[in-house]
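Before any comments, here is the structure.
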């Protein structure tokens, strides 16, 4: 931890800071510069430490030199984490495509889409039973009935399923149905929810909040991992910027940045980022080319009458063409698409 | 609702869209322009409608002309909502200052700060018992014990109290203690939490998410109100931008924009926006000058050893001076500070 | 153009707006809705029109239905523009890689880098002679001497060259040297500069400003084209967001969005977006996979001692590997790398 | 300067960095931590230094401890700069309001507005003769004729005038007319323009770019000052964010941040930030309450037919009321409005 003192600090000020650093259990190394004094505080960097140091009188700025997350860091686990989700491997050289409708609207639609994405090569089936909607008057999902349809689709098509959890009270119920807990962007810092899925033994698919720096996404992964569940996939799904031609701005750089800093698998969700189906394929390809371990794509057989996210859902025919190109891109870099 | 068709739409395309609009229960008014055809869809604009229209084949863009929220809108209630919180009026001409420590660290600190902010003129006491922290390893609050100290402080100093709720499972428990439920920025779109506090009879203090457009803040207020609880205060607390000299960017324009569009009281939280105490007073004054109904400020008697938010907590002495200036600014525009 | 009137507009208000629309040479089509009246204004949509309409008393909002740019639009020219720059084709199926040092530091470095990027397959040589630097105390480029070295390198390696123009006064001088005028992000709305290069007959490589919506980038292209020079390449180079792990956020979606809306070739500059060489290859690949017509990459033989942009400059060896992979990605989608 | 080495650096790596620091004329102080080694580089911090250090092999990050600007910094000049512009004092305790039409459309309008803003108490007259417009087809200003009308208005109403300069070739011509050179947001990093006005003896009113961190605004001020012209006023006019209800987001925090870091006067431009006249007064008041030395406001007698910025121009009557309230706010904090 590096502590920069306010300019014009007296010897007494410097001593005060050094004493406080010692009280906090670290060893201060003082460097007196021409204009500023800086103190290196050597020792265990607890998560609370930067703030504790920052509030010492006379301190201008504190610069941590360690990452704020540990379990999620590349240092903690130099090799890529590879998950095995009912036989589907994800991470390292193993790539996967998650596809399906935004919401589970009814059994027929779900099965229809599942059949087609499976045939095209998708390996995991998505579908929302509980839907976080901006408006309280929008379709909120089928709830438990939706979970049951998903479980039936899993049995029928032999694909692991993923669905979103929004409430810590639902975690236990959902354990009987889903293979992967999805935590959505709006809940990335719903800490009690993170702690709750952190106590399960199922993979957690954690989407980046639209205002979350990459560090905070990995801190949220750390929340889950801190409870013992190390099976986390993180997903870039677009951040909020000034550009309005896309719903969000897909931060493609997040893919290599996360891979450099963490051992966790990283996915890209081009559907929510773009908000319009015309862009989804190009963004999915970009994600794979940038090194993602997979993409999550919304597919619907009749987007014109979808109950949610129709405009951004691909048709099965376009999805098939996309799958082929994703496979080629993965192979160019020596990776395998499940 | 205005529907813009893709350029080069055929008569058949136009008819398809018009038919679908009719199916959705609206009346289409077609205007054929030189380059584009636009259709005005007249009728009840349900929340789901824009999306349903947008996904019709041939549609390029849909422009709603009504606000997506109703109960929260100025049209629904042309007069300012004025809340009465244990005798403290908030809204319209009534302004209030909420002050207190970030966290309830212990009884002594809480009482000490409460005494001083009360003496300076604050009318509502804040203090966190459950703390949302970016790191799972940081101090997470005293929980129920903290709530008890708050209730004791209320009795002692005769001030209504506000504290943050993070989990729908805590809403009931907290009803025995708090006067106002605070929903933090990270939970602004935790919809199940919003619905839960929407079923209580206590005011909800709803902070804007750091990536939330003003419309989404008001949609979240609508979530609470849709369950019958119309006592909502919304609070601007800084949005995420590229500027790094402040923790967040206080969007001061949100104050007049919300006042023009909604009847709900609007507050400003300069402490979380700035992230450093040196800026808090100037931002609080700006908020009041822009028309806010109040400000929420963090105050601590020993910020150097605070368990959270030390760097942005004001000292009681600075807070006293700030109170005087806030009072003067409120009075300049004919408003009263409680 | 669609005009939405303020709620509660009287018949007189509506008539006033309709009259003003007629005065401005358009035909008003009035649709009276339950809550709002909307007016479609049919006719030639001049660039000044939206603003003229917006300022009419009683108007709440104006929604243009045409793009604000014409010459740059896909409607104006349905086929991709293909430029021929001294034999290097750019646009449509023709892709190209621009590479070279950030600054022309001296003749030897420039020649050394040129030789190596040429050998690796780059087709256009970059190098800055006039450098826009955040600090007035940083290296500002060799100026005219740098241009001369560039021209010598062109002769030696038979590669067209590109260099940045910052000042309208330099346009004429530079015509004797450069094959492509680069207009940097900071000058994207330096309109007099745009008009000046719009009067030349050389291609203009226009970088997106860090706060520019895609529409404004294309409006700046329109500035150049409005003076008769239709040879414009636009380049995504990262926008300013809250994320700090990269210098800018590469808006990869801009590539397909621009291709859908404009016929102009679009490039990606991963070096300036990332600000660190470790990320450049992944972002370049993502750009090509998303459909870009090319990438611009900074390469330096001794980045440790570069006079500018050392941290983001690739080494020639990494650049060689990148070229191979870019070629493969281009070919997957049936395109050719020069 | 603090240099953080990559984790896992060997002794040889550390020595290499230390040697390079010495070569660059600084003294390295090495602190070996448990996980990382950090080196304090003590000595003169030239502007180019951070980049030179960052590109040394083995360096992960460089953290400057000095501000990158000098002449503009509070350290360079601990007292507020106070300008005297034809008798109007600006800076320190002296506040001023700049008002006038967006563009000089014709002599009559200019004189009419000038008369009214003067009567209301404005002390400086604004008006654009050269207009930067997003579209090449919009009204571009009257040019030299506009300058002449401005000079006539100055004589008639005895107010200093301010007008925008967009092109380094116009600086000399404009010296005969204007009292203050305005550099607009789009030209904040048009360095040649900055250098050119830096060679004049007239005050420069420098607007913050919409994507410019505060530090870069002050670096641009430094560009002007580095040529000898220390008469710079900086102006916050809104930054680009995701919020669309205002044209830009007025970063009110910039006011106290700039005052803490620089001695230069700081203004706020609420008209361009808001983009709609209904918000201008509240934002102007907020700016003054936050400590600005003045505001710049657009006023028009017939905004419905303005040639530019009609929607955000105030009517003279509203402006009069605003002036009164601005005066009161200034006086609350012991300042004087000219």
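The letters A, B, C and D name the chains in turn, as written, and every chain counts its residues from 1.
The working rule: contacts are C-beta pairs under 8 Å (C-beta built on N, C-alpha and C of every residue); 3 or more make two chains touch, one makes a residue touch a chain.
Keep in mind that this is a model prediction, so the values were computed, not measured.
Here A-B and B-C are compared, and the pair linked by more C-beta contacts is A-B.
The chain with its Cα centre farthest from the Cα centre of chain A is D.
Put simply, the C-alpha centre of chain B and that of chain D have 31 angstrom between them.
Averaging Cα coordinates per chain places chain A and chain B 26 Å apart.
Averaging C-alpha coordinates per chain places the centre of chain B 39 Å away from that of chain C. Counting partners per residue, chain D has 211, 239-242, 244 as the residues that reach two or more other chains. Across the complex, chain A is touched by residues 20, 46-48, 51-52, 54-57, 68-69, 132-139, 166-169, 186-187, 189-192, 195, 209-211, 216, 219, 222-223, 226, 239-240, 303-311 of chain B. If you check the complex, the residues on chain A that touch chain C are 211, 213-215, 239, 241-246, 249-257, 260, 273-274, 278-279, 282-283, 285-291, 325, 328-329, 332-333. Chain B makes touch with chain C in their complex at residues 2, 4, 7, 29, 31, 33-36, 38, 40, 42-44, 63, 65-66, 75, 240-242, 244.
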